[in-house]
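Please go over the structures that come below.
Across the two complexes that follow, chain A remains constant while its partner is chain B and subsequently chain C.
Right, the complex of A and B next:
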C-alpha cells in the first residue's frame, strides 16, 4: 500500500505544471551557477599559476645582492584555488589569497576579493550551494505543505482512512512519493555537478581526494533536504489547514535561511568578542619592541644578547651575526604566533558557535559541513597561512645561513612554495559536527513524522 | 463608506492576535537592527578617532621638533620622513546606523608612506570573522530591505483571495463597493502599522541628521513599501485562494530579494571580470626588479629630465635612487591599476543600470548611499587617497633628491589629507533616479491590478 501511495504521489507531483516550472527555474539557476563557477575557478587557477611563475622568475632574477637584503625583498605566495569551490565558494571572497613573506615579519593573507567587488556582494553569491541551501528547501515546502493538510481540507483524507489505509502507510507513502520527485530533480543536478567538477581544465580532480569530499558533500545535502522534507510533511500532517501549514513552514524557512546565519554570527561575536585592530596593533608593536631586533643595536634585548655571547676576553663568536638573526627571527616568530594564533583561535571558536547553532537551524550545520568539505572554510585558510609561514621561516633560515653567498645560485636554493591542502580526514573531522547536526535533524524529522502519522486526524 | 472600510479593517486587525505577534516581532527586528548598526557605528567612530589621534600626535611631534632652533628632519635616512605613515582617513558616515554598507569590509583609513607609494599592500580593515562577513549584518538596512517586505506581505497576502475562496467576495461586491477602492483601502489599513514602525525606526536612525538625508531615507521606505503593497494588491486580484496568493508573493520575494541581486552580481562579474590581484602583485614586482637593475641608468635619465632636482654632487643617494625606481614601477604598473579600477567601475555601472530588475537592489543601494556607507563614497575615498599619494610624492621627492631636510617653513605646506564629501545633489540624484524607477515599476504592477479588477474580468474569477 505504501508503495502504491508513493507512486501516486510521485505521479501527481511530477505531472503538476507548477512543480515542473519551479523545478525548471531551480535547474536553470543551478546550471548557470555551475557553468560560471567553473569558468571562475579555471580563470583563478590560471591567473594564480601565472602569478606564481612570474614571482618565481622575479625571485631568481633579482640579481646579486646581500642575502639579508633578499630577505627584505621577500617573496609572494598565492593560495591555490580549491576545486570544490565550483559548488561552494564559502569564505573565499572574504579571505586573502596572497601572502608576502619577508624578514622579521609575519604578514596575513592580503587582497580580499570581496574588497574588489561591487556593492551587490552583500546580497550573496549565486552558487550551486546557495541554490541547494535556500531555493530547493523552498521548493520542497511549496509542494509538501498541502500534501496532507490539503487532503484533510478537501475531505479526501477521511475517505482514504475510511477505506482502511493505515495513517503511517499514507504518510510515509506520500513522503516516499515526494522524495522520489525530488530525487528525479536531483539527478540532473548531480550530472551537472559532476560535469562542472570533472572538466575543470588544468586541475586533476581524479587523483586526489576531491571525489570523496564531493560524495560526502552530496550526503550532507541529502541529509539536509531529507530533514526539510520530513519537517514539511510533519507540519502538513499536524496543521489544521493548508494555509496555516504554509505559514508555519514559510516562517521556518525565513528563520532558517535568512535570520539564523546573521543571528548566529552575532551570538558568536558576543560569546567570543574580537579585539579591535588598533588594540592588536598596539600589542604587537609593544611585543616586537621587547623582542630582539637585529636592526636595533640600542635595545635592551640586544645588549643582553651581546653580553650573553661575549666570551671571557670580551670577544663575540665569529658567527655572531647569524646567531643574532636567528634569535631575532625566533623571538619575532613567537610574538606573531601568540598574537595571530590568538585571533585565529577566536575565529575558530566563533565558527564553532555558529556550527552548533545548527541545532536550532539546520542550514548552519549544513553550511559548516559544506565549506569544510569544499575546502573553503576558515580551517583550510588557516592551514594555508601556517604553510606559508613555515615556508617563510625556511626561506629566512636558508638566507641567514648563506655564509656570504649571493646571486642566482643562492636564490635557487629556496624551493618553490608547494602547498598541500589538508587531508580528507582533517576536513571530515572539521565537518563532523555539522554532519552530526544534520543526522540529528533528519532523525528528529523522521521521528516527528512518525509521531504525526500516529496522530493523523481526518478532520 | 470610504473611511468606514479603512477603520473597519484597522479594527478587525486590532482583534487579531497574530497581527500583534507579527508587529511585536517586527519591532524586535527593527530594534535589534538599530542596536547592531549603532554598535558598529560606535566601533568605527572609535577606530577613526584613535587613528586621528595618532596622526595629530605625529603632526604635533614634527611641529615641536621643527620649532626648536636649527632643527630639521631629513627625508631619507634613519628617523627620516620617508618611512613615516601619513594618515588618510574617511570620516565617519553621516547616518551609519541606517546601513553598514561597505563599512565593515572596505578599510576607511590608509597610512601613506613615501617609500611605499608603489608597493602593492593589502588593505586592512577592522578584524572581522570572514564567516560573519559572508552571513551579512543584521542591521537596519537588512531589516528594511529583506524583512520589511516579508512582514508587509504577511499582513497583505489575503486582501481579496481569501474572500474569493470562501465566496464572501461576491457578497461584498454586491453591496456596490468599487473593488479597486475596497482593495486599496484594506491594503492601506493593513500596511499602515508596519510602514509606520519602519518609518519610526528610520527616523530614529537619522535623528542626528535631521535634513535631506533623513527625508530621503523616509521616502525610500515609503516607496519600497508602496511597491510591495501594489504587488500584493495585484496578486490578490488574480489569486484563487489565500494560500496561492501567499505562495505567489513568497516566490516574488525570493525572486526579487534573493535571486535577482545574486544574478545581477554574477552577470556584472562575468561581463567585466576584475583583473587578478596576484597578477597585479607579480607585475609590480617584475617592474620593481627591472627598475632596480636599471639603477644608475634610470637616475641619469631622471636627472637629464629634471636637472633642477639633481643634488650638488650629481650622485643620488639610496633614498633618491629608491624613489626614482619607485616612480618607474608606478609608471609601469599604472595601466594594470587603471584596468583594475575601470573594470570595477564598469561592474558597478552595470549594477547601477540594471538595478531596476529588483526594487530590493534599488532600496539597498539608496539606503547605503544615504547612510554614507555605499560604494560611491568609498570609491571617492580611494580616488582622493590616490591624489593624496601624488601630493606626498610631489612634496617630498624633490626634497629627497636635493637632500633638503624638512624645516619649520615647510610645515604649512606639508600635504595633509582632508576628505571632500560629494555634493548632496550627486547622491540625491542617484537616490531619486532609483526611487523613480521603483515608482514606475509600481505603476506597471498597479496597472496590471487595475486591469484584473475590471468588472468583466473580476466577474469571471468570482464565479
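Right, the complex of A and C next:
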C-alpha cells in the first residue's frame, strides 16, 4: 500500500506543471553553475601551472648572486585548485592563492580571486552548492506544504483515511513519493556534477579519494534535503491550513538560509572576537623589533647575541654569520608562529561556533561539511599555508648553508614546491561535526513526522 | 452490520449526538433526516472513527470503531456530499489509488468494469477528473464502494446538488448495492429520495433519534408533515400526525 501511495504522489507531483517549470529552472541554474565552475577551475589550474613554471624558470635563471640576496629575491608558490571546488568554492574566493616566500618574513597568501571581481560579487556566487543549499529546499517546501494540509482542505485526505489506510503509511508513502520526484530531479544534477568533475582537463580527478569525497558530499546533501522534506511534511500534517503551512515553512527557510548564517557569524565574532588588523600589525611589528634581526646591528638583541658568541679573546667564531642568520630566522619564525597561529586558532574557533550553530539551522551544518569535503574550507587553507611556510624554512636553511656556493647549481638544490592536500580522513574529521548535525536533523525530522502522522486529522 | 449503542458525543456542553442507538442490517437503506446541526454528520464521523465518542459505542460488522478504527473502516465505503478526487488523475487512476488504499488491488479491466457498472461512460473513465461533474464524481464513489467490497456504505448528503436525472441514477445504484447486501446509512435533507429509496427512516433532533420508521409504516404518511412536527418543540409526534385528513 505504501508503494501505491508513493507512486501516486510521484505521478501527481510530476504531472503538476508548476513542479516541472520549477525543476527546469533549478536544473538550468545548476547546469550553468557547473559549466561556469568547470571553466573557472580549468582557467585557474592553467594559470597557476603556467605561473609555477615561469616562477621556477625565474628562480633557476636568476644568475649568480649571494645566497642571502637570493633568499631576499624569494620565490612564489601557488595553491593548487581543489577539484571539488566545481561544487563548492567555499572560502576560495576570499583567501589568497599565492604565497611569496622570502627571508625573515612569513607572508600570508595573497591575490584573492574576489579582488578581481566586480561589486556584483556581493550578491554571492552561482554555485552548485548554493543551488542545492538554497533553491532546492525552497522547491521542496513549495511542493510539500500542501501534501497533507492541502489534501485536508480539499477533502481527499478524509476520503483516503475513510478507507482504513494507516495514517503513518499514508504519510510515509507521500514522503517516499515526493522523495522519488526529487530524486528524479537529482539524477540529471548528479550526472551534470560527475561530468563537470571528471572531465576537468589536465586535472587528475580519478583518485579514489576524490570520488570518496564526492560521495560523502552527496551523502551530506541527501541528509540535508531529507531533513527539509521531513520538516516540510511535518508542518503540512500539523498546520490547520495549507496557507499557514506555507507561511511557517517560508519563515523556516528564511531563518535557515538568510538569518542564521549572519547571526552565527555575529555570534562567532562575539564569542571569539578578532582584533583589528591595525592592532595585529602593530603587535607583530613590535614583536619583530624585539627579535634578533641580522640586518640591524644596533639592536639590543644583536648586541646580546654578539656578546654570547665572543670567545675569551673577544673574537667571534668563523661561522658567526651562519649562526646569526639561523638564530635570526628561528626567532622570526617564533614571532610569526605565535602571531599567525593565534589568528588561525581564532578563525578555527569561529568556524566551530558557526558549525555548531547548525543545531539551530541545518544549513550551517551542511556548509561546514560541504566545504570541508570539497577542500575549500579554512582548515585546508591553513594546511596549505603551513606547507608553504615549511617550504620557506627549507629554502632559507638551504641557502644559509650554501657555504659560499652560488649560481644555477645552488638554485637547483631547492626542490619545486609540491603540495599534498589533507587526506580524506583529515577532511572527514573536520566534516564530522557538520555530518553529525545533519544526521540529527534528519532523525529529528523523521521522528517529528512520525508523531505528526499519529495526530493526523482528516479535517 | 452498522450498530450504535447509546452513542454520545459532546462538544463543550452541547450534545451533538445523544444516546443514539441504531441497528442497520445488511441490505437495509437507512435514511437519517434532520435539520442542519442535528448531528447527522457527527454520527457519520463517529462511525468512521474520525471522532471519539464520549460514551456508548459504534460497531461495523462487529468491529468496534473506537478500539479498532482501521478494521472498521476497511468494511466501510464513504461518499460525502462531494466525492473528492485527484484532479490530475483520470477516473480509473483515482479508483485504482483509492481501492488500493482500501486494501483491494484490481487490474485495469476490472476497474473499468466497475466504473462502467457505476454508470460512468468508458471514455469518461479515462479522462482527468478535473473535467467531471458532481454526478460523475458520485459514480466514482459508488464504484469505489463496489471495488472495496464494502459491507456498509455511509452517505453524507449524496444527492445534494444533483439534477433529478443524476439523482435518480444514483438511487438506482444505491438500491443495487443494498440488494447485494450492503448496509446503507444515508444522511440527507432530501425527503423525496429518502421516501423513494430508504427501507427505514430516522429523524434526528438535537442529536437524539426522535423518530424511527419503516418504509411500510410511512406508506400513507405525509413525510414532510411528520418531519416538521418532529422538529417542532415538544414531545415526538404520533405517526398518525403525519397522515393527511383523507388518510385519517
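FYI, the second predicted complex is superposed on the first by the 458 of 459 C-alpha atoms of A that agree within 3 Å, B and C clash if a C-alpha of one lies under 4 Å from a C-alpha of the other, contacts with A are read in each partner's own complex, and residues count from 1 in each chain.
FYI, a residue touches a chain if its C-beta (ideal position, glycine included) is under 8 Å from a C-beta of that chain, and two chains touch if they have at least 3 such contacts.
Here the structure is a predicted model, which is why all the values come from computation and not from measurement.
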Partner chain(s) touched by A:158 [first = chain B, second = chain C, both, neither]: second
Which superposed partner A:394 touches (first chain B, second chain C, both, neither): neither
Superposed model, chain A: greater residue contact from chain B or chain C: B
Chain B versus chain C as contact partner of A:352, first or second or both or neither: neither
Chain B versus chain C as contact partner of A:102, first or second or both or neither: neither
Chain B versus chain C as contact partner of A:90, first or second or both or neither: first
First, second, both or neither for A:327, with chain B first and chain C second: neither
Partner chain in contact with A:5 - chain B first, chain C second, else both or neither: second
Touching partner for A:39 - first (chain B), second (chain C), both, neither: first
Chain C to chain A touching residues, read off their complex: 48, 50, 69-74, 76-78, 80, 82-86, 88-89, 93, 97-98, 100-103, 105, 148, 154
Chain A-facing residues of chain B, complex: 36, 43, 46-47, 50-51, 101-102, 105-107, 121-138, 142, 146-147, 150, 242-243, 246-247, 250-251, 254, 258-259, 261-266, 268-270, 273-274, 276-279, 281-283, 285-286, 289, 292-293, 340, 344, 347-348, 351, 360-361, 364-365, 368, 374-375
Touching residues (chain side chain A, partner chain B) in the complex: 22, 29, 32-33, 36, 39-40, 43-44, 47-48, 50-52, 54-55, 57-58, 61-63, 76, 78, 90-91, 93-98, 107-126, 130, 134-135, 138, 142, 145-146, 242-243, 246-247, 250, 254, 258-259, 261-266, 268-269, 274-278, 280, 343, 347, 350-351, 354, 378, 381
Residue numbers on chain A that touch chain C, as the complex places them: 1, 4-5, 8, 11-12, 15-16, 154-156, 158-166, 170, 457-459
